[in-house]
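Multiple structures follow.
What follows is a pair of complexes built around chain A, which joins chain B in one and chain C in the other.
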Partner chain A sequence: MVKKLLKYELYAYTRTLLPVYAILLGISVLCRFVQFFENDHVSYGILFWSSVIALIITVIACIGMTVGYGIVRFYKNLFSLEGYLSFTLPVTPTAHLIAKTLGQFIFCAAAVAVSLVSVAIATAGEVLVELFRAGFWLIGEFFENCGGHAAFYTLVALLLLVIIVGYFYLMCCACISVGQTAKKNRILKAFGAYFVWYLITQAVGTVGIIVFAIFGEIGLLEAIARVIENYPFEFVHVLMVGAFIIAAAISAMFFFISHRIMSRRLNLE
Partner chain B sequence: MSVLLQCMNLTKTYGQVTALDHVNLTVESGKLIGLLGPNGSGKTTLIKLACGLLTPTEGDIRVVGKAPGPESKAEVAFLPDNSYLNTWMTVRQIVSMFTEFYADFREELAYEMLTQLGISPDKKLKTLSKGNKEKVCLILVMSRNAKLYVLDEPIAGVDPATRDYIMSVIINNYNPDASVLISTHLISDIEQVLDEVIFIQNGQITLQKAVDEIRAENGKSVDELFREVFKW
Partner chain C sequence: MKKMFRQLAVILALLVIAFCLVGCDALDEMREAHAVYTSMDPPFAIAYKDATYKALQCPQIADKGIMWAEWRVFVTKPDVPVLLSQQVGTRFGIDSEEKFLTNYGEIVYVREDVYDAAVAELKLEDPFTEFQLRWIDEDHRSQSYTLTEEEEDIIRGILAEEPLRDDDSYYIEDSKTLIFRSETGLFYQEEHTIVKKAEGYFIQTYDYNEKGGNYFFPAKGEAADLLAELIAK
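And now, the complex of A and B:
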């Protein structure tokens, strides 16, 4: 069932976002086209920077709309009139949540890919060659300095990127689901849920800093500095894997909250 | 006859408002049943609970012997009282979606009914008139070989000729081993096809009887009895 649901998710995303991606690619072509008329005249400068700014704005809009559409679709498809269809399909809430999260992953990756392609088009020529050269040099330096750790760092960094997308999306889904438990002003309650979660993370962060400061005075900072000095690569491993585990655990909690509300407290009034 | 819908002390409240109050109800197979009651009596709430769109505050509900969930939803065909389909999809895409998700969906029958009504499958739902949208929704529901059909106001807001067509679609296409639960205010339009009626008032079932029994015992039609019972 996830496969079937995902098919319609991708269809809905494509229908809405494909024009945005096409506009982005169009602006990047325009940006490159403007560069063919390079000269010292002030009007060229205005035209060039205008096209660059338009490209930057469209890249931001493209990624923002992809994330925003996923969140709006979650609400609209499950908790508005469309929910009458979604929740009468013989499908579990787990399948709904997995399909929606996968749709968001795929289209976030697509938005990033289209943005990179648009930058490549806008800089096509010597600039792009230089960019590639610099990129390959950086990758080479990274692998030379980190040795065998580099591959693992790359893998965990990619996984971290994926989990961050999932974390943010599932957090929004959980807030929307919590909002649905209200008798009225459900969207307002969803924002309230987000605000409460924000306060919790801030409080935990503040408490963490206080604890760190207290223990720092009794040698914690020196101990950490010694670990970094003696085991620099291992320390980064622990840091990255730790961040991944924490983000994955919190994402799972958000998934569980939405699932619980969709399966036990659904009220499509 | 098997029990398709069973409510045991089913209660649903919205804040201070009690929409359903300790309802006990059994719906058996092979019947066309009218769920009748004035506005706000709890008809739609009962239907939504049966379809798993609402969670009961108290009590229990069993649909085809199961608690509302993916298994029961595979055997219940639901027609809500408002348009719930993606209007940007074409009729063909919606039919294809139903075929994919519901194992009991009869695709050929759906296209046959669409042809009869002159609705092009390649038209987007948003380009159809309100009446045609309602017909598409009904076709999708009645093309299923479900055990329980739950229709919320299927003939409200359509002209009398369309009402007749809708009723003929319901009568001719439902699985004879199944039951059809129809919620409506337009009793006179459907009473000749009903086997049984359920009167609901203030969230409580006040009557559940065979239509023939009502006529024999009261000497009145269901419409006349309804007007008498729910008189202001």
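And now, the complex of A and C:
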């Protein structure tokens, strides 16, 4: 059932975001076209930098719209009038959540891919060749310096990227779900839920800094510095895996909150 | 429909070819500033703009001074791409005639065709043989002019006269730097300035000894005409 839900998710994303991607590619072609007229005159400089800024803004807008559309679609599809249809389908809330999260992953990846293609178009020619050369050289240096650890870092970094997308999306879904439990001003309550979560993370961060400062006074920081000095690669492994586990656990918590509200405390308009 | 797709494919192919043929000024500038080590083991060498520069040990730098250099060349290992040359490379100075590369250590990299002459100069007690005028042009590039023998004689004649002591440099209308250098340009000494004031043309020098202060050697007649011509370059 998730497959069918995912299919319609992807249709909806494509209908809305395909024109945005087309505009982004068009602006990148325009940016490249402007470079045909390269010269030292100030008017070319203004035109060129305007096209570059337009491209950067469009890339940011493209990625922002992809993320924003996913969140808005979650709200409209499950908690507005459309929710009456969505929840009459023979599908569990888990399937809804998984389908929406997967749809967000796929189109975030698509937005990034389209952005990279637009950058490639805007730099097509010698610059693109040099960019690839520089990229491969940096990757080569990374693997040479890190040795066998490089492959593991790459894998964990990719997983971290995926989990961060999931973390952010599921956090927004959880806030919206919490907001829906209110009788009125649901959006406001959703923002309130986000603000509470932000306060909690800030409080935890502050407590962490205080603990660190106390550790510093008893010499624990020097011990940690010695460990980093003697085992730098292993330390990075621990950091990355630790971050992944924490992000995955918090994402699971958000998933559980949304699931709980959708299955036990659904409050459609 | 097929015809339309074929036309679209042709247009796309032409666009791709056109995009690939257009260069980039910024990339060309980076290539101009990029040099590579051709040898990481002794004897060291650098390749820059189709020329090879060989390493020369110059321990007398403190005594004799070293030529002027613009710090616009980045030297990297051969495998470093040009886009990263300025981040990863070592910044070197290069003289306006592109004969020497230096980062002001004891080693100067000398262009192959000038290398033997530079080695010979290193052995001389007094390698300074010519005067050279130097200035920065509108494109912020260093320019130079080597004086002829007749012009050098006139300059030496001016410097042989009694100078006027004057610390007042506010009323200088125009100036250019004059250096005394070796034939290859590896060494330079005694930097003077040709100046134009309301009172006429002078060669200005600063006395770094006990007395200190600016000294102006006045030029008259043919000497003043020469200084006027040099300043106008």
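Definition applied: the second predicted complex is superposed on the first by the 268 of 269 C-alpha atoms of A that agree within 3 Å, B and C clash if a C-alpha of one lies under 4 Å from a C-alpha of the other, contacts with A are read in each partner's own complex, and residues count from 1 in each chain.
Throughout what follows, contacts are C-beta pairs under 8 Å (C-beta built on N, C-alpha and C of every residue); 3 or more make two chains touch, one makes a residue touch a chain.
Here the structure is a predicted model, which is why all the values come from computation and not from measurement.
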Partner chain(s) touched by A:15 [first = chain B, second = chain C, both, neither]
first
Tell me the contact category for A:183 with respect to chain B and chain C: first, second, both or neither.
first
In the superposed arrangement, which partner chain does A:84 touch: chain B (first), chain C (second), both, or neither?
first
Identify the partner contact of A:4: answer first if only chain B is touched, second if only chain C is, both if each is, neither if none is.
first
Touched partner set for A:38, first chain B, second chain C, both or neither
second
Chain A: partner with more touched residues, chain B or chain C:
B
Go through the superposed model and pick first if A:125 touches only chain B, second if only chain C, both, or neither.
second
Answer with first, second, both or neither: which of chain B and chain C does A:266 touch in the superposed model?
first
Mind listing the chain B positions that touch chain A in their complex?
14-15, 48, 51-55, 69-71, 73-74, 76, 78, 80, 82-86, 88, 97, 100-102
Quick one: which bits of chain A touch chain B in the complex? Just the residue numbers, please.
1, 4, 8, 12, 15, 81-85, 87-92, 183, 264-269
Any idea which chain A residues touch chain C in the complex?
29, 32, 35-36, 38, 121, 124-127, 130-131, 133-134, 137-138
Would you tell me which residues of chain C are touching chain A in their complex?
15-16, 18-25, 27, 79-84
